[in-house]
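Chain lettering (A, B, C, D, E and F) follows the sequence in which the chains are written, and residue indices restart at 1 in each chain.
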Amino acid sequence: MRILVVNPNTTASMTALIGECARASVGPGVVVDAIDPGAGPVSLESHYDEAIAVPHLLGALEREGAAYDGFVIACFGDPGLHAAREILAGPVVGIAEAAMRTVAYLCRRFSVVTTLPRVVAHTWSIARDYGVADLVGGIHACEIPVVDLETDPAAYATILAACRRALAEDRSEAIVLGCAGMADLCARLSKELDVPVVDGVAAATAEVEKLVRLGLSTSRHNEYAAPPAKQIRGRW
Amino acid sequence: MRILVVNPNTTASMTALIGECARASVGPGVVVDAIDPGAGPVSLESHYDEAIAVPHLLGALEREGAAYDGFVIACFGDPGLHAAREILAGPVVGIAEAAMRTVAYLCRRFSVVTTLPRVVAHTWSIARDYGVADLVGGIHACEIPVVDLETDPAAYATILAACRRALAEDRSEAIVLGCAGMADLCARLSKELDVPVVDGVAAATAEVEKLVRLGLSTSRHNEYAAPPAKQIRGRW
Amino acid sequence: MRILVVNPNTTASMTALIGECARASVGPGVVVDAIDPGAGPVSLESHYDEAIAVPHLLGALEREGAAYDGFVIACFGDPGLHAAREILAGPVVGIAEAAMRTVAYLCRRFSVVTTLPRVVAHTWSIARDYGVADLVGGIHACEIPVVDLETDPAAYATILAACRRALAEDRSEAIVLGCAGMADLCARLSKELDVPVVDGVAAATAEVEKLVRLGLSTSRHNEYAAPPAKQIRGRW
Amino acid sequence: MRILVVNPNTTASMTALIGECARASVGPGVVVDAIDPGAGPVSLESHYDEAIAVPHLLGALEREGAAYDGFVIACFGDPGLHAAREILAGPVVGIAEAAMRTVAYLCRRFSVVTTLPRVVAHTWSIARDYGVADLVGGIHACEIPVVDLETDPAAYATILAACRRALAEDRSEAIVLGCAGMADLCARLSKELDVPVVDGVAAATAEVEKLVRLGLSTSRHNEYAAPPAKQIRGRW
Amino acid sequence: MRILVVNPNTTASMTALIGECARASVGPGVVVDAIDPGAGPVSLESHYDEAIAVPHLLGALEREGAAYDGFVIACFGDPGLHAAREILAGPVVGIAEAAMRTVAYLCRRFSVVTTLPRVVAHTWSIARDYGVADLVGGIHACEIPVVDLETDPAAYATILAACRRALAEDRSEAIVLGCAGMADLCARLSKELDVPVVDGVAAATAEVEKLVRLGLSTSRHNEYAAPPAKQIRGRW
Amino acid sequence: MRILVVNPNTTASMTALIGECARASVGPGVVVDAIDPGAGPVSLESHYDEAIAVPHLLGALEREGAAYDGFVIACFGDPGLHAAREILAGPVVGIAEAAMRTVAYLCRRFSVVTTLPRVVAHTWSIARDYGVADLVGGIHACEIPVVDLETDPAAYATILAACRRALAEDRSEAIVLGCAGMADLCARLSKELDVPVVDGVAAATAEVEKLVRLGLSTSRHNEYAAPPAKQIRGRW
């Protein structure tokens, strides 16, 4: 089985980190490749960033898709998820939906710890869309931009503090990490906090492995049927 | 006051039709220009089509935006709406949100008549997002692709029949037209059906005029603040 | 086009203030008249006040309605809204629904600042009914009775403080003013707070202008059909 | 214990019927009086009818209230319910809320059978407000105006047929009768249909008895506190 | 009329207290017996405790049921409620559903005060299931285990303080007591707090009396039909 | 890794079938054992059946749990799920929650095909609890009792017909099989229907493998903390 994980931003070190975490989450015999589209924003922190990144993401999936059995979109807003399902034969899983549905097997109330305040309202909207809003105790921004997650020496301590505050204020029972760039902190945070901490990169990659093994993929009827063939002017 | 209406697809005749309907919906002294991005799919009927079209739409808005007081995105899925709000000073309104919120002033139960079955489930999702799902009696596909709306001689009759079926089956009290390409049929349908028929192009353009006159525009805090400045690799 | 704005309470100075704000919100060629029913409570701050005021409100609309194209009910609880739609040919808009649906074009999370604590739970109920509850960050009472809004010299400062507290506590992005008597404070508050502040009187009047220009009015089927003719004993 | 049941319409024969059904639903030692306000519409079938009837209803409650321990508002739209709670010391129960909450102890899915199609959408709105919408399989109009319930010789057969259709189409397990004028049909319908049939007049009267015996009444804090004292111009 | 109240735990002193409160809530001529199953946990404070207790509860109902007209399950999680409805001819009411639906007649916003933090998230889930979640201002644990309610000399003061905190923090208008073991504190708390305080034991017993008097019982169709006859291996 | 799948009913042939399907859904190196509790009903088709079965199910889990890394409860009502999480170190997954959350990665609208009409309303309730109700197009009973699934020669054809009807009536895009006893039909149905068909036994077993591999298990805080130690009278 071969799984392709796409980081929709163009920060190579983050793609590497994501690949490492994704590979650590699969069973024997599963090959995981992590790529980024080569073009687009260095991080995705706005609707604008997502909109600009998605065609490059879809282009990468179109080019590489035939060689893989399943796909992960490794950015917490799940950009391009619905479109990717329309054009790929294998199942496609976003890291936000995977994290939020996975934590629902583990507790009745969880908190999300994410990067910037500007994404909080949108994350509530995603949680409603994925049917888990009743389980969300709160969504907390740790005020660290995505690209600083790797370089800011205080990042881990800041995120840990945000998790502790979230658990106390929300009286919640588990944490979801709201950014692919936090994937490598998961085990350490879980150990220190003594609650389940769910990273979407691991959750989504393992979910794709599960779906492929079960022989399940995207329905070809209605919503996710292949896009009608049509002319696209000025195709780059 | 100057309003820019952008048709995110690249079918020039539809852009012209949209412009005409938009201009018919504003008061004296309001200039309405209708454009399309020049590049992208000839119609938007899938998540993929939307994803490909949106950067071109945003590019057009970035280029032209400074000359306008407010903006309409004239495609019923409201593609790029959140992103457009982040980058423009004036208010931005989508035709689906405008149609659905406008009809809510007129009845307690309405039906949506749209193009293809593949967009029905997504339209329910939009209706939930806009807070009107409890008012929706049903969403009906008339099985006409977007580009055939102008050329199929049976289009009007087919849409009329779909509206009649919707009103009867859903026991609803008004119709929302689920495609910008139906904008010109609105008055005629309303007369024949004897119920309010709401076209999103008119509703959104008049809504933008209303917002601009009231001095209201997008909040600059959190969700719709300007995107953080950052490097975009391979910018076309 | 002629729009009638009815203040359901009987405080003449508030009717004048409402009329001024309403007139400032329409385009050229639109005549706006503001009246109150001449009988009923001097302010509406309870379900009882509303119930007593509504027949007088409806009576005024029945007497004056034929001369107008559209109607605004200028009290934040939207009293008599459904009944008014049954008896008038033109569209009828309440200031609470107009404010709450208008702010939804501008942000993803707003706060309501209203008069007395006793209306807070009911305002939540209205927000659910209008489909915007997911966007409401909080509803805050500034503890000023309606009739004191005009006379209390500290009113503006108190409301400003309540808005600031609301924005901070709720992490919201815009304000809805929860009383017609605050209509004249809107621009000043917006400037000081640097977020959109939506006043329902302006929003509703401009919405009626929009509906009339689009040729839209209340559906005559089911919910809002004319009331069945019947005997009313002891009609005053 | 003394309970006052108010029929908000002015059809004396219906008031008598309601009184009979209400008296049959209480235990030993409970006195039930049924009145109507003497002024107002002969039946309530629109928002307008309700609005006109409510001040008379409240007036009757103000005049008679001191002599009673609890109160029933006997019209399925629960008109004036919130206002009545503000002005009365004893608990106030509406027949729609009582019927819908009572049937929730008996089944997981029920249908409402009501009078005219025009009230169907509003009844859905009430059901959502009372928190039972998930239990409602459907709301069915039997197309009989309220005042014809007593005189139309086919009324019982028509209602029975509507109940049978509702049970079959909705796969529901019980019936709620959506009009006070159907109160006397309850037992007979239940026997023929072999499912629980809940009449709101009985349910509400017995609920008031229950609340009074338990020493419970309306909270005096916030929402239902006594209305602020104020001038009411032109009080009739 | 004969009502059986079953305390699903095996603490005899609590059964006695529950019986006393239940008997105080019915009218003349109603006999109330309170029992416990004789086997099972001494208190129910976890899903595990409930699961272990329920078959004993059902066994007691099967043995004693024929002699009674209606039934109360006197534990705030309403354990075994659905199953009991399947096997008993008379109506069955749980104390949580009765308390939550009863308080909805008295206010628009209430708080629940319960025993341990571990049941808070589950109580939210129950409130959603019963359709009252929009009315819940908050759910507060007073940190007293069930069996200590009778013996801890500070219990009353601790619960009173939790109620005061709940009313202030949630700006709520009434209290629901979230444990059968608090039933005897209801009147005293209500007097000191000056808001309605609803105890589920009283509410449920009076509700059963109401249902029986109205001739209403569980629907025998679909959800609550008698369980299909079948072999049960190893029946104890 | 060792996974224990418990069939809560006592039909040995069904336990064997479940074990086979569960084993087919895991990767190399994962041992799956399937057992039933040895005591309890031969099938679970009512709340009563579930209540009687659960203590035996929990007993089996207590006896065998220490030897396993994760657990599946293989009955579509997910009986005992919350209680099992309190007493086991490893993660516990129910087949209904696993099927419903898994299908959400594959489509936007699915139908459930289950056994008897009596479980339909309860399955809607479960779907709401798991946050997927908006995705459910319909829930269809094929009118086959659980124990007849293996012996009725027409079972497959009946279920196939129910699936076809569900897809057509609900315009849905995938099927969830609503009974563990249908697990072996999954691949064949999917092939004939040409849509994803999700069996909960496979989905839950693969989900447990995923959770264990990711090092995730039930949170020990609040809701699912170990039950407080206490006396259980008459323990069998």
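Heads up, the rule we're going with is that a residue touches a chain if its C-beta (ideal position, glycine included) is under 8 Å from a C-beta of that chain, and two chains touch if they have at least 3 such contacts.
All of these numbers come straight from a predicted model, not from anything done at the bench.
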item: Interface residue identity across copies subunit D, subunit E - same or different by half; value: same
item: Distance between chain centroids, defined by C-alpha means - subunit C, subunit D (Å); value: 30
item: Length of the line joining the C-alpha centres of subunit A and subunit E, rounded to whole Å; value: 43
item: Where subunit C touches two or more other chains at once, by residue number; value: 108-109, 117, 120-122, 125, 134, 171, 173, 222-223
item: Pairs of chains satisfying the touch condition; value: A-B, A-C, A-E, A-F, B-C, B-D, B-F, C-D, C-E, D-E, D-F, E-F
item: Residues of subunit D that touch subunit B when the two form their complex; value: 117, 120-122, 124-125, 128
item: Interface residues, subunit D side, partner subunit F - complex; value: 108-109, 134, 171, 173
item: Contacting residues of subunit E [partner subunit D, same complex]; value: 25-30, 91-93, 97, 101-102, 104-109, 130-135, 167, 171, 173-174, 187, 190, 194-196, 198, 202-203, 206-207, 209-211, 213-224
item: Sites on subunit A touched by subunit B in the complex; value: 10, 38-43, 45-52, 54-56, 58, 80, 82-83, 85-87, 116-118, 120-122, 125, 129, 145, 147, 222-223, 225, 227-228, 230-236
